[in-house]
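After this come two complexes, each holding subunit A, first together with subunit B and then together with subunit C.
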Partner chain A sequence: MSTRQRVQSRLLQNKLAMAGAVYLVVIVLVAVFAPLLAPHDEVLATRFQDILFEPSGEYWLGTDQVGRDIASRLMFGARYALFAGVEAVSVALIIGIPLGLTIGYFRGWVDRIVMRAVEAVAAVPAIVMAMAIIAGLGTGLTKAMLAVGLVYSMIIARLTRAEVFAAREELYVDGAIASGASNRRVMFRHVLPNVAPALIVQTTLLFASAVLAEAGLSFLGIGASSNQASWGRMLRDAQTSIDRTIWPAIPPGIMVFFTVIAFNVFGDGLRDAFARQARGGRVGVGDVQAAASVTGDHPVRPPNTDALVSVRGLSVVFPRPGTGDDVHVVSGVDLDIGRGQVLALVGESGSGKSITALSLMGLVPDPGLASAASITLDGQELVGMPFDQLRGIRGTQMGVIFQEPFAALNPAYTVGRQVAEPLRYHLGLSKAAARQRVIELFGEVGIPDPATRIDAYPHQFSGGMAQRVVIAMALACEPKLLIADEPTTALDVTVQGQVLDLIGDLARERNMSVLLITHDLGVVADLADDVAVMYAGEIVETGRLVDVFTDPQHPYTEGLISAIPRNEARSGDLATIPGVVPSPWEWPDHCHFADRCAHAVDACRQGPVELRVSKSGSSRCVRLGELELAGVRA
Partner chain B sequence: MLRLLIGRLLAAIPLMFLVATLVFFLAQANSVDPAGSILGLDASGEAVEAKRAELGVDRPLLTQYGDWLSNAVRGDLGTNWFNGEEVTTELKDRIPVTIALAFGGLLIAVVVGCSFGVVAGLKAGRWQDRIITVASSLGIAMPNFWIALVLAYYFAVKLGWFPAVWPPGGPEGPLEWIEALVLPSVALGVAASAAIARQTRSAMIGVLQRDYIRTALAKGLPVRRVVSRHAIRNASIPVVTLIGFQVSALLGGSLFVELIFNIPGLGSYGVDAIFRGNVPALLGFVMVIALVVVLVNIALDLSYAWLNPKVRG
Partner chain C sequence: MTEPLLDIDGLTIVFPGGRGQLPWQRRPDVRAVQDASLTVGVGETVGLVGESGSGKTTLGRAVLRFLTPVEGSIRLGRFDVTSFGRVVPPAYRNAVQVVFQDPVGSLNPSMVVADIVGEPLMLHEGLKGEARRARAAELLEQVGLRAEHLDRYPHEFSGGQRQRIAIARALATSPDLIVLDEPVSALDVSTQSQVINLLEQLQRDTGAAYLFIAHDLAVVRHACERIVVMYHSRIVETAPADAICEQPTHPYTELLLASIPDPDPDVQRRKSEHRRALTRGVTGAIGAAPTDSCPFADRCPHVMDICRESFPDEVATMTGGTVACHLHTSGPRLGGRPLAELSGDEAVTSTRRPAEKEATT
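Right, the complex of A and B next:
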């Protein structure tokens, strides 16, 4: 489908925008055929016996203060409204687009001079600027709307300029210049089509403003003259009889109102149609729902009471973008994290690792839905726990480190305040005590000069130091479980090792369990005790780190091991796994990995594969025991 | 902060100069002879000439411009051609009225717009959001003078709860001021409320998807605190920018509302100046409005720096 077709079909599906379009077509028809449709003349000779009549058979909408038929005047008013809109918008486009293209394209001093003038115009309210121009041009509908158009041309020029700036950055413009195209050709052939969507939307919205401006200026008496039945003029006339009745003001007001709405909803619809994907978002708090303790035919194993954390049958579904069908992104995950142990959850991007971790905290982003048979933390069942109770656990017994330290920190507050927040909130520490504790924490995570740095803002830190702040925040309330979601991926290579060592040291000192999420098996080698390998929403292998590394039981694990950089001791010949994790709605019913697996046979595509007990852990491979998989040589 | 303030104030000077120049020459484009229109059609040629000399419009345009500018810099905006009053004095009486009205409209717009926008953002896609989104589309589409007419008719003429027109001699005491300003402020504030609600909604939706919101939730803070501490402050940055535009729109809108409620503010002064081709009054009017807009935007720039520490450097 071409872009144009896609935009068209999206627009046609937008009922509100279409309703606006239909209304506007009707208004245009009424304007064109007003002389035929109107029961009375536009400027009926004043009939003082018919003043301020109520609506009746002869006067559908009654009469105004000099006895003119309101319904007929409304129909003729559509002509003035459209004329006003077309004039103002045409002037704005004819002046604004070339001006914006020119200054956007040439930049430099041309741009600086013109933009100063544009700013000067913008410093005065649009209607005041239009009035100043009218003071020079003289009054009357045509001159007034010319003035309005001149003011709007500044908006168009500014918008065009900004879009040209953006478009210029794109390679194709440079390519076009290099290929010897003339300036004019580049501007009209290459730049204009790209600025067109924004301009089309803005033009529609300017029509709405122009209709309002016409009504306003005519109401003030400097737009339509007394023998032109514009809606604004009708409102002005209605004001003269306001002490007797409001009625004559209602129909023209409603016409202005509906016409402006129609232009606006159509413009909004156009904007949505051009936008790539409109997204909504709410506060991401998805509680984990209780799930049946049976998935398929297999009862879920009972929770491991020795472990600090025990997850059974965790599944997460998301609506598929576009269709809205439920799609499993995580299915039937079981995990156990021993006390004081580090469990590495390993897999490529898109395998569902992060969503699994967020589920543990009850923070599955909207509109995802998590369910589990059981999630226990230190013997407490978290599934089905009320939000506020879970909240207390989240702050005190679990801490989390995210991938991007700068995104994870609120740019508006000092780091000290953010780290102190859980201390103050959960532990009820005084401001001074919390501050003292934060300074200690900063010391523990290796931030130099903590007493000063505490008052700095996130943007004043380096990536590595910002991540130490996030670690301090996660550790503030002495959690039993630390979840580290790709804690070093966003950091400079030189500090990755330091941050990992820090996490390992802190975990040992505090006898804290860690769920370490990573796509890089190399990262976990020095840190983890256990490994769980995840692929396409499922756990495919678990075991002790040493066993999994030396003797992998699943081909996917073998692939991950062979992808460890600088793994001199690696054997086997798979350098990388071909392809990427497919999107969740493309996952097959049979072994999810079969389509990328070098060892796949027909049996792999027969049906769902269960997680089976392996030599030293578990594996979800049909050919478990048959394959000789290569690991790291001890 | 002080350096920012001084920088902004210095940048405002050339801007005001440009506005002054632009408006001065625009206003001169009118071919109507002011002396003729003051004296009427039956005035003799000599009388008109004398009047032209008195007004100073017989001098070359650039001389007039230079004189006006050098006086304006010293706060003297010249003499009203039609009644001989000092324009500066006339404006001084009217500025507080319009500022009070615009402030009333802004207060309503910010309170209503921000609170509804936050609710719509938090409930994106649900019925609360739908209602607020529809209401704000309607609010943007209603001309303020029409709202003013309807309000004046029902609440002043019919019900008599509020005065329909400005009290003669101006309101006395805070109660009378509030009474006189309620209807005009509401009429003025509706469109701005709607615009602010829309912007606040989309800013909230954007901020709620940010990672630091997830961090705050992971800390176990209640949603109320996450929203009030971590979301609203960051969401308010684009809203503050919009408020800058809205102040300008409110001052423009006050023209209409003042006309309907007979309020002796800047708007009615400006409209009258245009009708009569009263150039000094028109220039004074535009310059004062521009000055207010520029000052408000400087104040907003400073609050922007408070909201966003990165700007402070």
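Right, the complex of A and C next:
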């Protein structure tokens, strides 16, 4: 599906925006066919004596102070409104886009000089600026809208420049320059199409402003002339008879109002449609539903009461992009994390490991739906728990570390304040006590000079130090479970080891369990006690670290192990797993890995494969026991 | 030795500091690359390794002529890159191509693959219409994709496939050199090896040389013949790939090697002990790179007084490379022999100070 189709389908689903679009189409049709549709003349009264008539069969909306039919004039007025909009916006685009592109792309002194001029123009109210320009050019609708267009061109130039600034930094722009594209080609082929959505939205909104500006200027008498039935002019005419009746002012007022609204809702709809993520529906997260209906045929093992965390039959369903059909991205996952143990959940991207961890916290990203037979944390059943209670448990008994430390920290607050927040919110500590505790925590996670560093902002930390802050935050409420999702992937390799050591030490000291999610088997070997290997939404192998890595029981585990680059001399091509993880809607009913597996036989494609007990754990392989698979010491 | 394809000599790149918080304040200049020299032979793959902020990407961008060095020279074949004016000769753009790390940001989302791969064909060979499309299809097949992919948009591909598209685009002009800036860092391990195998296959077919920029020494060892290690703006060691990974001569290279986690739990236990023994302090490189001392001095387990007084001269190593470290000319005077020779000397290797040990626990 192309971007255009995606935008179209989103726009069509937005009822308010479509209502605005339909209204605008009607206005355009009326404007075009006004001479045919209008029952009376635009300028001349039908009969001189018919002044200020109430609405009637002959005059649908009555007549004005000189006896002209208001309904007919409204129809002709649509022409002036559209003409005004098109003229002002065209002028704005023709001047604004090239100007904004040029200064945004080349920057430097041209940019500095032009921007000062743009700022000066923008500092004066548009209508005053337009009046000043009209004073020079003379009155008349065309000149008035030319003036308005000039003012708007500054808005467009500014927006284009800002968007180009951002687009200019994209790697594909560098790529185009490296392949020898001229500046003009880069600007018009690579930058402009990718800033177009913002410009299209702004253009639509400018139409609304232009219609309003036309009405305003015509009302003041410096826009449309007396023989042009613009809506603004009609308001001006209505004003002369305001002491007798207010009626003639109402229809043009309503037309201006609805036209401006229509442009605005359509513009907002476009903006939402262009947004990279769907905005519709609930924002946020859902908790885990009880799963009697989902687990279906295979019996659910009872939770392991010795483990700190025991997950049974966890499944997550997402609507498939485009079609909206339900697709399983995680299916029937059982996990046990022992007390004080580190369980590594490993797999390629797209295997469902991060979603599994989020579900465990009751944080399934919208629009996903998670269900499980049981998730217990320290004996408490989390499935079906009220949201507020679950939030309390999440805050105090679970801590989480993500890949990107800077994404987890708010740049606007000091790190000390951010680490103190859960202490004050969940544990009810006083400000001073929380501060003292944060200083201790910073010491524990190895941040030098903690008493001073707590008043620093995130940007004043290196990546490794920022990750220590995040770890301190995760540990603030003494959680029983730490969830670490790729905690060192974004860090330099020489810093990675230190952070892994820290997580390991903290887990041991506090007898805290860790769920480590990573694709790096080296990191797993460094930190984990147990391993669960995930492929295409399913657990395919579990066991103790040493057993799984030295004597894997599933071909996928073997593939991952052989593909990891190790510091040793090589011969021949590097080992790979052919192909890629298929998209969730392409997962077969039989063994998910069969199509990439070097050991696959017909039996592998006969039907679903259950997780079976292996000699050191469990494996979801049809040929379990038949295969000699290579581990890390092969 | 035959004439190298790419010859970088004494390259220094400085980013001006720009304005500070107040109009009259200026932030200090950032010396991203200092006095760096390296060569890449015809059809050779040279790995450029370092952590974030080491200057490796900046050096690559200088080769692509995205920025101008303040000192030093870059020559590629008959081109003197540093003498180019505002307009870079099209022939140079033909000769040097690039593949970036980020497979999401490096392809224009509003163009179909036929146009992405076809753009350099149009710009350099003037190919149009069907001829261009046919050549683009050939390139796609060369990187393991199919002609049917021509009309798709980048977002319809997986990370590995997108990287293949970026490689096809880079190959379009039959370049002499491709700058590979972290080409596999964003990919899964299984896909990483697929892309490295592909790059090697293409090198055998086309004879292009690669400047392979990466942070993972193990990946680079598998992909490259020679490795250049950068730390905080300086090139600290160069050597043939196997030599540098077996017998490092610079303490930073040694730390880097000890930091690559191994999937064998027993090996990893030994490695992390070794790494802890080599680690001083709790941070990576921070702040501006020093101009007149070794930038690694604050983290180096072997640090000597002289390390804070001057940046060491380059010394030839026994393995056929170079190293810039005072250990080779002062103190133990290794004179190009591997660092392992120091390991008998307990006092030198375990300089982990008790005060810092407390800070980390």
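The definition used in the following text is that the second predicted complex is superposed on the first by the 462 of 634 C-alpha atoms of A that agree within 3 Å, B and C clash if a C-alpha of one lies under 4 Å from a C-alpha of the other, contacts with A are read in each partner's own complex, and residues count from 1 in each chain.
Just so we're on the same page, a contact is a pair of C-beta atoms (placed from the backbone, for glycine too) under 8 Å apart; a residue touches a chain by one contact, two chains touch by 3 or more.
Quantities reported herein were computed from a predicted structural model and do not represent experimental measurements.
Peer 1: State whether A:36 touches subunit B only (first), subunit C only (second), both chains, or neither.
Peer 2: Touch partners of A:36: none, neither subunit B nor subunit C.
Peer 1: Regarding the shared-chain residue A:432, is it in contact with subunit B (first), subunit C (second), both, or neither?
Peer 2: The answer is neither, since A:432 touches no partner chain.
Peer 1: For A:116, decide between first (touching subunit B), second (touching subunit C), both and neither.
Peer 2: first
Peer 1: Between subunit B and subunit C, whom does A:495 touch in the aligned arrangement: first, second, both, or neither?
Peer 2: After superposition on chain A, A:495 lies in contact with subunit C alone.
Peer 1: Taking the superposition on A as described, I'd like to know which of subunit B and subunit C A:560 touches: first, second, both or neither.
Peer 2: It touches subunit C, and subunit B stays clear.
Peer 1: By the touch definition at the top of the document, which applies to A:523: first (subunit B), second (subunit C), both, or neither?
Peer 2: second
Peer 1: Just subunit B (first), just subunit C (second), both, or neither: which does A:448 touch?
Peer 2: Second partner only.
Peer 1: Which subunit A residues contact subunit B in one complex and subunit C in the other?
Peer 2: none
Peer 1: In the complex formed with subunit A, which residues of subunit B make contact?
Peer 2: Residues 14-16, 18-19, 22-23, 26-32, 122-125, 137-138, 140-143, 145-146, 149-150, 152-154, 157, 205-206, 208-223, 225-227, 229-231, 233-234, 248-249, 251-253, 255-256, 259-260, 270-271, 273-275, 277, 279, 282, 285-286, 289-290, 293-294, 307-310.
Peer 1: For the complex, which residues does subunit A have touching subunit B?
Peer 2: Against subunit B, subunit A makes touches at 116-117, 119-128, 131-139, 208, 212, 215-216, 219-222, 235, 238-239, 242-243, 246, 249-250, 253, 256-258, 260-261, 264-265, 268, 279-285, 358, 361, 363, 365, 388, 391-396, 398-400, 402, 404, 407-412, 421-422, 425-426, 457, 459, 470, 473.
Peer 1: Mind listing the subunit C positions that touch subunit A in their complex?
Peer 2: Checking each residue of subunit C against subunit A gives 51-52, 64, 66, 88, 90, 93-94, 96-98, 100, 102, 105-111, 119-120, 123-124, 153, 155, 158-161, 166, 169, 172-173, 188-194, 196-197, 200, 215-219, 221-222, 242, 245, 255-265, 267-268, 272, 275-276, 279, 282-284, 286, 359-361.
Peer 1: Across the complex, what residues on subunit A touch subunit C?
Peer 2: Subunit A reaches subunit C through residues 2-3, 170-172, 174-181, 185, 189-190, 193-194, 348-349, 446-448, 462-465, 492-498, 500-502, 505, 519-526, 545-546, 549-550, 559-561, 563-567, 569-570, 573-578, 580-581, 632-633.
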